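Pasting the structures here.
Each of the two complexes below includes chain A, the first together with chain B, the second together with chain C.
For the complex of A and B:
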């Protein structure tokens, strides 16, 4: 779907996506990593369970919602990558935290 | 909690418009705070320009210009805070912001909203499939992550951004399977007419016309197929596998695709001005709502200004001039500049903006979106969040007296997390069409804060801090 150019700024780091160890660059939008990582999706919808991936990349469409370090419904396009980020794809509706 | 900081002027957004406004306000010695949701200055057009200094050449001279502007902006003495989102704005003015999960408040004598544009939502069958990404989004990935598309990459849409992005990708060794040009057949004649009506605006922008022709030439040299189409659909299970289209001649085709990049121009980001109930007008040429602005770009709310594309699409150059103009408005209103001095400085800016608007009218006519994108039908989803189809919205719109807010309540259109950013314009359009009303009389969905997501926990914590 996407490949990265050589010699990019930002340190090479590792993050976890659904428990899998994934290579990324510090400071790049998390959504960019999702679009390089099969199955290239961020979430399934609360209404029909349809898969969705990053679409607008500027924080307006809310389709790249993922769980980041335990916080649900974060827009992956607005989250800069840091080393050790724990990311989970989000399935269906969220529950309110107790 | 300590008192919130108070500044003479708050600028929201650090793109060309916001930076220009901040520079002029600082030149007059005002205390200025600039908040922006991105990690670095530049807005979308100059996204990550500083970080890309080494490769700016391949992204074009217009992009490289952002580096110098960002440098001047950083040195101007404005209190620049990246990574901050505005989630609520109250007249007077109090800005409620969020950073790293913590809420805060900034008080300001005046506010300049420089929140730019969004890509126009482009509803068509399959537009919610993973692998359908906007052209602007793909370009953001290029700037912010050095990412170029692979596999069979199709582009469907029209507008200068399509040509610019395609040229950038080709220059970086990328490949494009084909460009499905969605501009309706009548656009060229309409654009020629618009150009003939403003020959001086067109001749003044000969450089821009040449730039556009240059991009087209690059596509032709790379043998990128350009196919004029009247309908597009994405197909696939779980993600896009193919793009289906109908050519202008009526032939149906289906091609394998890993990525479909879509674009039908940009529209003003009006969430904040809508939430403040500012007066908005329908702009038929640009097919969008925009806040009504005075000669110094002040909205119908005293002390609230809009700089850049958020007040109507003019592009990056116009955005910078309008940012300076809004700053003059802030200065004149606050008594920091005499009305005569403000008018004198505003004159040349307004002339340049008028020239820019003349050229923009030509582009608007050339790239006017096809009707199906503005008023989709059938099972095409209008509301991505709540998955409401065009037919469901049309059925609800047939009920007597149903406006956008009632249809939202009936169908949940516009009730999801994007808060109508992707569907409000389509919803208004379908209501207007079904009920035979004008866009002005239909108006837009009511928008209320929070403009950006905040949790109940964050609100509770902020309340505790105020005690």
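For the complex of A and C:
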């Protein structure tokens, strides 16, 4: 689907997406990594469970919500990649358990 | 060229929850009402409400209002069934009982005292609202961890909830299917009464009506005066927050938290006297959010996705106003609790208006109650 530009700045790092080890560049938006990593989605919706992926890429549409280092509902397009980031795709409604 | 005046037997002025419920009830009773709704930029309390059908705590000083509230809440299950069928719109209605949270012993004591007063004024055996202490409250809310300051709540089994935007839509659709006509962007700017008929000024020209029902919310005052009824009212601002959609957390509606069928937790509400200012404030949001987190600490980590405000209708004593003009042809309906009272409006008050007179039980709601005689 998408590939990284050959001259992308930032150090080569590894992050975890749903437990899988994925290559990324430090400082690039997490949404960019999701867009080139199958199945290219970020979350499923709370009401119908339909899949959603990064869309607006400017923080407005909230379609790229993921769990980042244990914190749900982070907008992947607003999260710069750091080495060792732990990312989980978010499914349905968020739990508000104590 | 002036367009020819349109004519209707009965016109409802105002297409909010009150007007739409009355138009539905009139159409259901066999009338062919014309509903004239206001402009998109008009004040619309029906887009800022919380969606609770609420009995508890209402009506201090006015037992007739306690009775009306209970009557309407008890009619809601029947209304919800027939309205969903008539409109095809799901309402997310449930009558599950409701809670009003008390933080600290003082709030608990004040709430208990209010219920004692209301029970005494209503004067029936077996009052339907009780105080529940923390242990019983935890059993009512098995999925929620309560903050340490929560000492208890009041509980009323007659309380419930509905999606208020869907209810408004359902009333409009069902009314039209039953023969009502609804015209949007048709604010009535002036009413002239002549020879037992009413001429209403609208942007698209005059509308003539045999009878009128003024349900124009915060815009009602001048229109009621032109129809011969002095009605005191003022806007009261209510700000609301809603969180992202969450897994089921609250099995029943509460003050100040309600979880919608889709999962968002509504957090209400301010009650502010700021004239016609519909803005939101950081202070208002912070106040509501802080109280919500004192009740349910898990909300601290949840994301608020929307913050808005609306101007709700308030009367000098907080109770509704229903009146019929001296000439009999104009009716005024005004209330703060358009959701709770929608069932009474649709199923009982509208049919009475269609027959030509307000129900006798509504006599205490006449605005004459605000006319304090001058002392010599």
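The rule is short, and it goes like this: the second predicted complex is superposed on the first by the 97 of 98 C-alpha atoms of A that agree within 3 Å, B and C clash if a C-alpha of one lies under 4 Å from a C-alpha of the other, contacts with A are read in each partner's own complex, and residues count from 1 in each chain.
Note that a residue touches a chain if its C-beta (ideal position, glycine included) is under 8 Å from a C-beta of that chain, and two chains touch if they have at least 3 such contacts.
This is a predicted model, so every value here is computed, not measured.
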Following superposition onto chain A, is the placement of chain B relative to chain C best described as a clash or a fit?
clash
A:73 contacts which: chain B (first), chain C (second), both, neither?
both
Is A:95 contacted by the first partner chain B, the second partner chain C, both or neither?
second
The chain contacting more residues of chain A, comparing chain B with chain C, is B
Quick check on the superposed pair: does A:25 touch chain B, chain C, both, or neither? Answer first, second, both or neither.
first
Which partner does A:47 contact after superposing on A: first (chain B), second (chain C), both, neither?
both
Colliding region between chain C and chain B, picked from 171-179, 369-377 or 405-413 after the shared-chain fit:
405-413
Both chain B and chain C contact which residues of chain A?
47, 62, 71, 73, 96-97
Under the definition above, what is the set of chain C residues touching chain A in their complex?
143-145, 244-247, 249, 262-263, 265, 296-299, 301-303, 305
Residues of chain A defined as touching chain B within the complex
1-5, 7-10, 25, 27-29, 31-32, 35-36, 39-41, 45, 47-48, 50-63, 65, 71, 73, 75, 77-78, 80, 96-97
Contacting residues of chain A [partner chain C, same complex]
46-47, 62, 71, 73, 92-98
Would you pull the chain B residues touching chain A in the complex into a rising list?
37, 39, 44, 51-52, 54-55, 101, 118-119, 128, 130-134, 136-138, 140-141, 144-151, 172, 238-239, 258-259, 269, 384-387, 416-418, 421-422, 452-453, 456-457
